[in-house]
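These are the structures, in structure tokens.
In the two complexes below, chain A is the common chain; its partner is chain B in one and chain C in the other.
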Partner chain A sequence: MRKNKAMIFWFCLPALLSLVIMFVYPVTRTVIMSFFQVESVTATTADWSFYGLGNYTKIFGSASFMTSMRNMLLIWIVGGVITLALAMLMAVVVTSGIRGKKFFRAAIYMPNIISAVALATMWIQYIFNYDYGLLNEIVQLFGGDKVKWLGTDLKFWAMTGSFIFGSVGYYMLIYISGIEGIPQDLYEAATIDGAGKGRQFFDITLPLLKGVIKTSITFWSINTTTFFLWTKMFSPIDTESSTIVPVIYLYDMVFGGKGITTRDAGAGAAVGVVLTLIIIAVYLVTEQLFKGSDLEY
Partner chain B sequence: MKKINWKKEARLLPGYLIMFIWVLFTAVMLFWILGASLSTSREIFSGNIFKFETGFHWENYATAWNVQNVSVFFANSLLYSVISCVGVLAIAAPAAYVLSRWQFTGGKTLRIGLVIAMSVPVIMVIMPIYSLSVQWGIKGRVLLVILYIMLRVPYTTIYLLDFFSTLSRTYEEAAYLDGCSGPNTFLRIMLPLVQPAIITVTIFNFMSVWNEFFMALIFTSSESMAPVGVGLLNIINSMKYTGNYGGMFAAVIIVFLPTFLLYIFMSEKIIAGVTGGGVKG
Partner chain C sequence: MKKILSVLLAAVMVLTMLAGCSSKPEPTPDSDPSNTPANSTTPSNSSEPTPGGKQYDGVTLTMWSMWSTGEPQANVITEAAKAFEEKTGAKVNIEFKGRDVNKVLAASLEAGEKFDIFEDDYKRIGTVYQDFTYDLTDMAKAVNYDSFSYKCFTDQSIAWAGYLNAITEQPNVGGIFYDKDAFSKAGVTAEPKTWAEFLDACQKLKDAGIGPLAQDSAYADFAFYHTLVRYLGEDKIAELDQNGGWSGTAAEQAAQDIIDLRNKGFLADGAPDEYPSSQNKIGFGQAAMVICADYVTAEVNGTTGTQVNWGLFNYPAVDGGVDNGAAYMGANSLAITKYSENAQAAFDFIIFLTTGEMGQKLADEAHQIPADSRNTAPADLTGTIETLQAAQSPMTWCASLSVNADLKDSIKSLCVELFEGKYATGADFCAALDALY
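And now, the complex of A and B:
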């Protein structure tokens, strides 16, 4: 086939420009900015003054940033374990030969395709509502007293719980595609050898899903480090220490929030860099932990 | 009809139970919101939404649509989604085609760059983009559409690239012998061949732009250009003053419906697409 150089150039140019304008340039500039003292996000480089690691010491010395990191870590670990375990359970059940497989799969994935703002509103205004909410109806059914789900004590867990509900379906789909890639005769052989369902899951399914689990952990890490929307929905006006996450901290620092009078774009950039480094670190660690996962079967 | 094997079904009972509880919970939530969207605030608070003693309050939808500006948010979201979907295809499809067909200087770098860009968190790009947009004087709706298009280019290019690679080169050879130029071959022969992939990727782009929230929150300076997500948040924040719960739930239903309907009709295609491109174990 003839190589048409002009065509190659013009066909690639718009994509290349998008990549440079939207990703290469901004990422580079954010990294550089994190080492400079920059007040306003729109400040020209002439107004930047070199700050070394000043922005980093500033954010790590900030109580609300540390709280936000602690919250993020809790969502990452506790939410991650619950979400991925539930997703695995759902994936195993869906592929176990039940009737209505397609329906159940579609229904569980559904929260992922609707607007997350709408989904969060359903949880906040209905499930967790104090007066007429579903959870309090259930609590009263069992003779308990109404619970303030959105009070300071429980708000974080209410938020994490509803976030989990919205996330499970996506990871379930990843696991289903992994499980369906495992040859059926492995299970048949195991059944003949007398291995029960549980044994089969731990000795065949889990080891063969290593690669898929690795992928899901990376995706989960990206999702939790960039966690923003659910906090904005659960604490829409004032940032609260019970729900603050790093991206909210960044947003308030750079674009302004209630009670924050000074802007600090440099510190915001440092937050972005820290979060990106966390994602890269998690990726490298899981790569290392799940090494040799490309099993042949 | 297949004969039901009761022994097998009984063994699967715990599985059915788990599925049933999860789906029941989801269904209760959706039906309750639907019921509440047709009720008065008083009925919602007294827990009598499914009796409809005072009839169906369709006026909640009228209030949400006209008074609470959902019509504006809806039109904005539709505008952003449709233009972005077309724009991103115009940029990504030619690049995907060329990248899948020829080895050339910088081709591999571009490809790797696009793959990495797919997992760059938005927080790393938002600040320079903000200052750049001020510097270049681009703002409002135009800015948001441009950003959405560029944001979706990496994913769309990589997704289409995989499909172009599966096509046989004999099509192009035949076209070349018939005197069809390169760009013409792409437009008239190759592009129609990847139509299924274009549809899938467009569904994902549409849903992604429709549901986008972070950039919309930062770049929409007035309510008149807010998409549904930001608009809904504004409605909820003003609830304290309006107290119109029925109207708010109606707004939730209106925002929820477009992608939900799309999903009802295309769930198989969407689910296949989630794990089809990019996700490899």
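And now, the complex of A and C:
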């Protein structure tokens, strides 16, 4: 037994060291840094000066940060509801025994294998384009006036819509795997008992997918808090308040933006800590809401 | 036996991992050049050739480039590195890191990363990296740099950093770039000098069925900045940007000018549009002018596949303006790390790249203003060398609107809204600006 314990230690050591060096150390350093005034992310601790909650006061008093938080919240709630609902709907349709199941599954998942940069370019240049974009072609077909989809009023929603388009397939696959794991006997028994498709969905599929839904909400929360590339694509030259999200605010704060030569790694660390706390909070709430959802069947 | 074997295996795994985390090994002559540290070879601060060899035999330089592989600038730099090696014996390893190199430069310099030369905007070199850059004053003097460089950039670099720490690679001038053929078609015979003349030219262009001014939202703040600087000057803008109090100042008139411009229908159809849709309209003959820096000419020509007959004039003067001659001038420049052990070789390579034959090639291939004023500008950029030589104090790229970094994004969005026609009067716009504070 003692021999085995030694083995366990030696075999765990590389992984433990990796964890400490690549995860525990940076996280601890970032948390500590958020309480100090630090200009550069690589500054030695000798250059840090204690700032208390100053960095947190600064970011929560910042109009840009609050705008970025509002944008993130909207993406999380509105985008999340639409994405997860669409993904669930498509997963149910695809697994309902329709013909061409493989085709639909591949087609809906397709945006996930295309580079997000290419996808965003397609939306910006070919769908939202004011002069020859697909949407304005449709609007004009029905006699309407051209719409500025990428104007300050609609740019955020244009970006969110594009992001949803690129995300649905991923969550659909998660739901498909969950649905396919549910024993067919349950549906057959329900059918014999006279339950319709709707009743089967709400009374069998949905309750048995609780664990999968919990996972997908956590994934969506992580995707939303790390939302970066789509903002960069929809604000190609410089950050704009209609598309700014906290990670972009952090990025500009730590590394400086176009025309900005000041840097504040301490405030950036505070943003990182806030985002981490949000993810933890969302995880704990979903754990609580979906308690006892890990069913075995 | 099994126990010993297991312990050995575990030890090998740990050692392998630690080896992966260790610093780079000392290079060998046949090691991968991309991994070779900048100071990996015998330092050679002397310009004297080794007996029987070339001047920098054995010297290896590492350059972090802001361009990406395949770009015209990258191609010329690669070619220059080969030619420099043939000429001097110094090997230049170039790492093309793309535009976002500026996001890692400060941290890398602070960490003492091993590279000799890097590229970035000359303002960042002067104001962010100045503690980590080599003083080039003496080396520049030795090659009589002042005689072929642009004084406005040299003076500005020294003003920012306290010493010369950047050599201009890609100078830029800003203003109103226009399609000469569109002007001729509309009967605009002279470049507008005043706001009234500018409005008159816009009217003629509109009457001729050409959208007068292209405007992408990405550059809305830059365009408005021109008007603002004329009415207020950069120092006053910086003060207002920091503390607010825009209402009641000449900023109201500046905003009103843009509102009038829009209300008269002088913006191209769809403007402000998403970059680069509006500026591309010049290539398609649907718009005549755009407020931008000189690279817009290459962008439009390249994207639309046309050869626009470009002209450039400075943003028009306004009545009662305090800085009517302000014109944007900027540069991407090259700098040498303070800790480079081959600074002289690095400097010689920079001069080799930016002047003479290679400098001309860079200007021609990348369609840019030559960094060497003795060279010739591409046809579309004729006159830009003289403009830069005559310039005293360059206007920055919205620097005064970036003083309050926290409000920069919000102010930019308000500028876009100004061009979108969201504000009825200049006073409304300034009130919206003040509401941010």
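Throughout what follows, the second predicted complex is superposed on the first by the 272 of 297 C-alpha atoms of A that agree within 3 Å, B and C clash if a C-alpha of one lies under 4 Å from a C-alpha of the other, contacts with A are read in each partner's own complex, and residues count from 1 in each chain.
Just so we're on the same page, contacts are C-beta pairs under 8 Å (C-beta built on N, C-alpha and C of every residue); 3 or more make two chains touch, one makes a residue touch a chain.
From a predicted model like this one, the values you see are computed outputs, not experimental measurements.
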Problem set entry | Which of chain B and chain C A:Ser177 touches, first, second, both or neither | first
Exercise. First (chain B), second (chain C), both or neither: which does A:Pro236 touch?
Worked result: both
For this session: Could you say whether A:Met7 touches chain B, chain C, both of them, or neither, answering first, second, both or neither?
Result: both
For this session: In the overlay, answer first, second, both or neither for which of chain B and chain C A:Val41 touches.
Result: both
Exercise. Now for A:Gln200: first (chain B), second (chain C), both, or neither, which partner does it touch?
Worked result: neither
Exercise. Between chain B (first) and chain C (second), which does A:Ile21 come into contact with in this model arrangement: first, second, both, or neither?
Worked result: both
Exercise. In the superposed arrangement, does A:Ile222 touch chain B (first), chain C (second), both or neither?
Worked result: first
Exercise. Hey, is it chain B or chain C that touches more of chain A?
Worked result: B
Problem set entry | First (chain B), second (chain C), both or neither touched by A:Tyr109 | first
Seminar exercise, completed: Interface residues of chain A shared by chain B and chain C, listed 3, 7, 10-11, 14, 18, 21, 41-43, 125, 131, 236-237, 251, 255
Exercise. Given the complex with chain B, which residues does chain A contribute to the contact?
Worked result: 1-5, 7-8, 10-12, 14-16, 18-19, 21-27, 29-30, 33, 41-43, 89-90, 93-94, 96-100, 102, 104-111, 113-119, 121-122, 125-127, 131-132, 134, 137, 170, 173-174, 176-178, 181, 209, 211-212, 214-215, 222, 225-226, 228-229, 232-233, 236-237, 247, 250-251, 254-255, 265, 268-269, 271-273, 275-276, 279
Seminar exercise, completed: Listed in rising order, chain C residues that touch chain A in their complex are 3, 6-7, 10-11, 13-14, 17, 21, 102-104, 106-107, 110-111, 123-124, 127-128, 217-219, 221, 269-270, 272-275, 277, 396-399, 401-402, 405-410, 412-413, 416-417, 420, 422, 436
Problem set entry | chain A contact footprint on chain B (complex, rising order) | 8-9, 12, 15-16, 18-19, 22-23, 26, 28-30, 32-33, 36, 44-47, 90-92, 94-95, 97-99, 101-102, 104, 106-107, 110, 113-114, 116-117, 119-132, 134-135, 147, 149-151, 153-154, 157, 169, 172-173, 176, 182-183, 186, 207, 210-211, 213-214, 217-218, 228-230, 232-233, 236-237, 245, 248-249, 252, 255-256, 259-260, 262-263, 267-268, 270-271, 274-275, 279-281
Seminar exercise, completed: Per the touch rule, the chain A residues reaching chain C in their complex are 3, 6-7, 10-11, 13-14, 17-18, 21, 40-43, 62-65, 67, 124-125, 128-131, 146, 148, 150-152, 235-242, 244, 251-253, 255-263
